[in-house]
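First subunit A sits with subunit B, and in the next complex the same chain sits with subunit C.
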Partner chain A sequence: MTMLSSAPGGASVRGPVTPPPSASVTKRRTQGGVILAVPALAWYLVFMVGPLVAIFVIAALHWPGMLQPVSFAGTGNISAVLDDPVFWDAVQNTAVQLVVAVPLMIVGAYMLGYYVAQKPPGHRVLRYLLFIPGLISTPAKAMVFYAVLSPDGLLNGALDKVGLGSMTDAWLASPSTALGSLILLDVWSGIGFTAVLFAARLGSVPDEIGEAAQLDGAGHWRAMWRIHFPVIRDFVGVVTMLQFLWTLFGSAQNVLLLTQGGPGSSSTTLSFLVYQKAFIAADLGYSQTVGVVLFLVGLAGLLTIRRVFRQNY
Partner chain B sequence: MKFGRSWLPAHIFAWLYMVLLVVPLYYLLVSAFKTNDQIFGSPFSLPTSFSTANFTESFSSAHLGPAILNSMLVTALALVLTLALAIPAAFAIARAEGRLGALVERVFSLGFLIPTFAALFPTFLLAAATGLFHTRAFMVLFLPATAMPLSVVILVQFMRTIPREMEEAARMDGASTFAVLRHVYTPMCMPGIATILLLNFLTFWNEYLYSLVIIGPDPDLRTVQVALPTLKSLTGTDYGILTAGTVLTLVPVWVVYTVLQKRMQQALVSGAVKM
Partner chain C sequence: MSGCSTLASADSDPGTLVVHTQLGTTAPGSPTYTAAVKDFEKENPGLRVKNLVNGDDLPQVYETSRLARKEPDVVMVNLYDKTLAWTDVGATVDVKDYLDDWGLRDRVLPAALTEWTDDEGRIRAFPYFAANWPVAFNTHLLDRAGVGAIPTTGDQLIGAARKLRAKGIAPVTVGGNDWTGQKLLAQIIQTFLTPEEARQVYTTGDFSGSRGARAGIDYFVTLRDAGVFADKAQGLTSDSMTTQYNTEAAAIQSAMSSALAKVPAKTAGHTEIGGWPLAPGAAHEKPTILRSFTLIGFWISPNGVRKLSSVEKFVRFMYRPDIVSRFITESGRDMALVTDTVSKDFPLVAEAQQLGDRVGQALLPDLYVPPTATQPLITATSTAFTRGTSAASVRSALESAYRTA
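Moving on to the complex of A and B:
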């Protein structure tokens, strides 16, 4: 700055009454700074924050279809939602999905990531393959699973081959297995991608930590959970939050593509219910009331996960 | 003896998952060259001929040609807009010293916690209100907004590492703020720009639900992710055609991944780590 103020900078050339150049440069710098962030901020507020706020407004409206008259419903939608057995089915399905899929994904991915980070034989191949589910779009993954789980698909074919033909099922069309199949898809694609994240993070843990553990005679199991895990605990928490959100909100797509929530409501999740009530059943107030519920569940989940993974040493 | 006998269960579990990961993909690939009879009769065998009949059939029946072009168009334009918005914003935040800059940064970093899906219906209303419902233009405008938090936060990290002296030297030569951004900051954070391009390429190319609702099913406008699932109902249960179409939509992403594997992994990892 001292250099600048003594030099005849561009700023002093412009002003008719030459102010101290350093002050002028600083002022222009902060002004320019604020203005440059405005477009991105405006974009973000219009397309992301605005619609999010609108959810809460629409949730208080009675709106039976796009072209129908709108009236204020107050808490009417809330009681309609709470009285609907389908909503409670969706709550239960979402709870099962979260409780099964998220821990399975995180624990499996952590162990797999730890394994890859130790650079066992073939770890390059592992890394390459583990990443693939992260690249494939949701519709493509759903089509793969549709082909695998269909009545004459890969899974039933394989069961027949090994003599377990009696176990074959129409996996996506049977009330007892539809939700399970969706969870399987989540876990199948979630573990690989998450494991790569953990492996990358574990790769930056100093080697000395592992070596010290070995000298102390700690087994691999102990080294993995008692020594490395506490070091990256924060990071595991962040990844758990992300997976929780993806599972909670993202399930609408898989349900839509594979089971449409059925049979009955056996695979309807909360996020699919939001979609279904908005775009299929045209009960917009109901849909966005469930949207508010989803939002609150997401918030509560985030706070809980943050608390569980808080660094405690 | 780092990987002694006690590692055996770990080896087994890791490679077992690998098998579970690869088998459906292998099945996808070989089925694309088979007829239904062959798929049901011998799901695991290699195809007897590498006929491209399924590919051409899926290509024409789901109108994948225009769909791929639409996806490319939307993805490319949305990427350009993302950079045009995120680079100046990151520049402003990285250089700001006051409380305002910190506040703006906080707004963007909290944006990570807003899942895109949450506001699907209000976004649909916004599209209808602006007269851009059933257009690709709305997606080009909308997708960058979803990418803003991650892109800005990653770029700010890169721009903070650029020493102040670089800017001061440019200022001495009479450079304007815009010139500093263009000739000093942008070239110096190319790795950051590459990272957000790769990350957003993946999310934009793979985006499904918003494209479905907002662009809609018109074969001339829809993206490839919307076109693909229509094969399921169009072809009834011809798995050969369905899998061939799926393979076609995966090719661009898979090519980019194989060429840029290291860089892409870094990009995705940093996307999650920077949260």
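Moving on to the complex of A and C:
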């Protein structure tokens, strides 16, 4: 640090000074940093950017199966996708899934998280209970839902027992209930986990803020939405983004395990369509064209959510 | 990934024959296969068989390993869906010359050889398993409902369904949400189709353009809406189907021989085997069943050609009459090979084998449906089994499965 001191005789002299690093030293350091970053950069390019580019390349190919000859398709796959009613069914189902599941999960999880953050009696146990769906593997969750929702499953059995036999249905195989059943599974498996995340973040909000609001006469509802929510708004945005992406890209596994996209295409989502066309129908070009659509939808969704939940104070 | 590394390590070992198989877990015939492999190793010291077991995903896994040129030497899988293209794309080799050189041609049933031969005269694999796919009727439940004889016409079937329902018994149980439903639907659609017409319809997917296919779908819809199929059949699977029949909750099922082998002795004791009832004006004279000779066969991979002497020993061993008989007597399998052995412990399988000319035969569409339409057709099946779906909507659902084919 540079400092001034008075020397005898009143002359002002500079104390010991650390000379600034020379330009050549700075350059050497920068070069060293770049060299160290090269492996990570190469890894990123090969394993992150590479597959992304590959999606766009494959989308322009006619590739009817992994062992089949490949040819250039131009915009053929785009026309095939846009002309296919199944694709539009998948778009509609995905939109319904996002519009219903994500808000339901975020609002429900936030309220649940707020309740847990108030540290009610037994809140520690409650945190573990909320986390349980996150500890169950996806196939196990699907098995549970299949046992409940199959034609001879627990739900129909219970409805029969209470005299509501006329309400029984093939929940996973009925066009009107298959998608709803999948959304229910999404919400059930995601809400507790998300609530724990919110509770953790709300726990770090200073108590004084809540206490001041109570002194001013604000009830829990008002404190939850008008006091705490604005404070963690950006965090809610991050969690919403994650749930949006999980729902958009990860729905294929539940569809595959429970409905195979049926009956007809009533529960086919975009991510399942990518899987189905690539691995079952052996049409890789079509599959990756839908993959490109998914990528663009995901990107647009991310930017929108980021903008909506931007911290505004 | 671990599978690939396993393949990689086994591939270079000349003393190890790598077999990719669907037998080895719960598939009917697995215990017999496992025991047979042990016997093979005892008879051939220095030659080890390494089994890689997969279920329905076997073709996908095999194709991935083939891409890396690390494929197993022998593959045991059905001729169906993706595997239809394997000989064409060089994923497996034509076995015609091997069949002759090894003197095994006479061991194979002529119908099986025909089904395994492609348009260019190549034999895709060594045929092994076959299947009869008749209809099983629980006579005890039919009697209880007051149904005197096994229904052989659509009207009789509808009448029987009404009587069974009145007694709280499900009439025909079927996995309307999976391949069992798809096969039964295909069988009923063929009521008014000759084999040639059926081949054309299932190759092109033009269900509206064929008068016979339209009539067959109308017949299916009539049966469905008359309550012939179990409630919510569109949500049932093959497991639910066998459970309902085996526990006598349902009176009738269309079941392939491997399912018949699992019917418990008590239920089997009052089960009669027959064909699917026909409508007036049908293209068949007798109630129909499905038959297939294209279940698990022995495919040879390009890597297998490099170990041909080991592959020859293995296939010769599995083709031996005593080994073939074991699959029939121990596991109740139908074989695509010449044999006099009849199963005693699996009476329904034996009964199905002896149906002969008492039934007609519908075409199993597996060989003609384009691979890209196979799964969508199964998905469309549950739409067809949903009550209230019109015949036009069923045709539309089936045709949409072919849209990208």
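One rule holds for everything that comes next: the second predicted complex is superposed on the first by the 264 of 313 C-alpha atoms of A that agree within 3 Å, B and C clash if a C-alpha of one lies under 4 Å from a C-alpha of the other, contacts with A are read in each partner's own complex, and residues count from 1 in each chain.
Methods note: a residue touches a chain if its C-beta (ideal position, glycine included) is under 8 Å from a C-beta of that chain, and two chains touch if they have at least 3 such contacts.
Since the structure is predicted, the reported quantities are computational estimates derived from the model, not experimental observations.
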State whether A:Pro64 touches subunit B only (first), subunit C only (second), both chains, or neither. second
Please work out whether A:Phe249 is in contact with subunit B alone, subunit C alone, both, or neither, and reply first, second, both or neither. first
Touch test for A:Ser150: subunit B only (first), subunit C only (second), both, or neither? both
In the superposed arrangement, which partner chain does A:Ala281 touch: subunit B (first), subunit C (second), both, or neither? second
On the A-aligned overlay, A:Trp171 touches which partner chain: subunit B = first, subunit C = second, or both, or neither? second
Of the partners subunit B and subunit C, which touch A:Leu215 in the superposed model: first, second, both, neither? neither
Please tell me which partner, subunit B or subunit C, touches more residues of subunit A. B
So in the superposed three-chain picture, is A:Val162 touching just subunit B, just subunit C, both, or none of them (first/second/both/neither)? neither
Figure out whether A:Gly262 sits in contact with subunit B (first) or subunit C (second), or with both, or with neither. second
Figure out whether A:Gln118 sits in contact with subunit B (first) or subunit C (second), or with both, or with neither. first
Touching subunit B and also subunit C: which subunit A residues? 150, 152, 279
With touch defined as at the start, can you tell me which subunit A residues reach subunit B in the complex? 1, 3-4, 7, 9-10, 13, 25, 28-30, 32-37, 39-41, 43-44, 46-52, 54-55, 58, 108, 111-112, 115-116, 118, 120-121, 126-140, 142-148, 150, 152-154, 157-158, 188, 191-193, 196-197, 200-201, 219-220, 235, 238-239, 241-242, 245-246, 248-250, 252-253, 256-257, 271, 274-275, 278-279, 284, 287-288, 291, 294-295, 298, 302
Residue set of subunit B touching subunit A in the complex reads 2-3, 6-7, 10-11, 13-14, 17-18, 20-25, 27-28, 31, 39-40, 43-44, 85-86, 88-89, 91-93, 95-98, 100-101, 104, 107-108, 111, 113-126, 141-142, 144-146, 148-149, 152, 168, 171-172, 174-177, 181, 202, 205-209, 213, 225-226, 228-229, 231-232, 237, 239, 242-243, 245-246, 249-250, 253-254, 257, 261, 264-265, 268-269, 272-273, 275
Touching residues (chain side subunit C, partner subunit A) in the complex: 60, 63-64, 66-67, 82, 85-86, 89-91, 176-177, 231-232, 234-236, 240, 244, 371-376, 378-380, 382-383, 386, 397, 400, 403-404
Once bound in the complex, which stretches of subunit A touch subunit C? 64-69, 80, 84-86, 150-152, 168-175, 260-265, 276-277, 279-283, 286
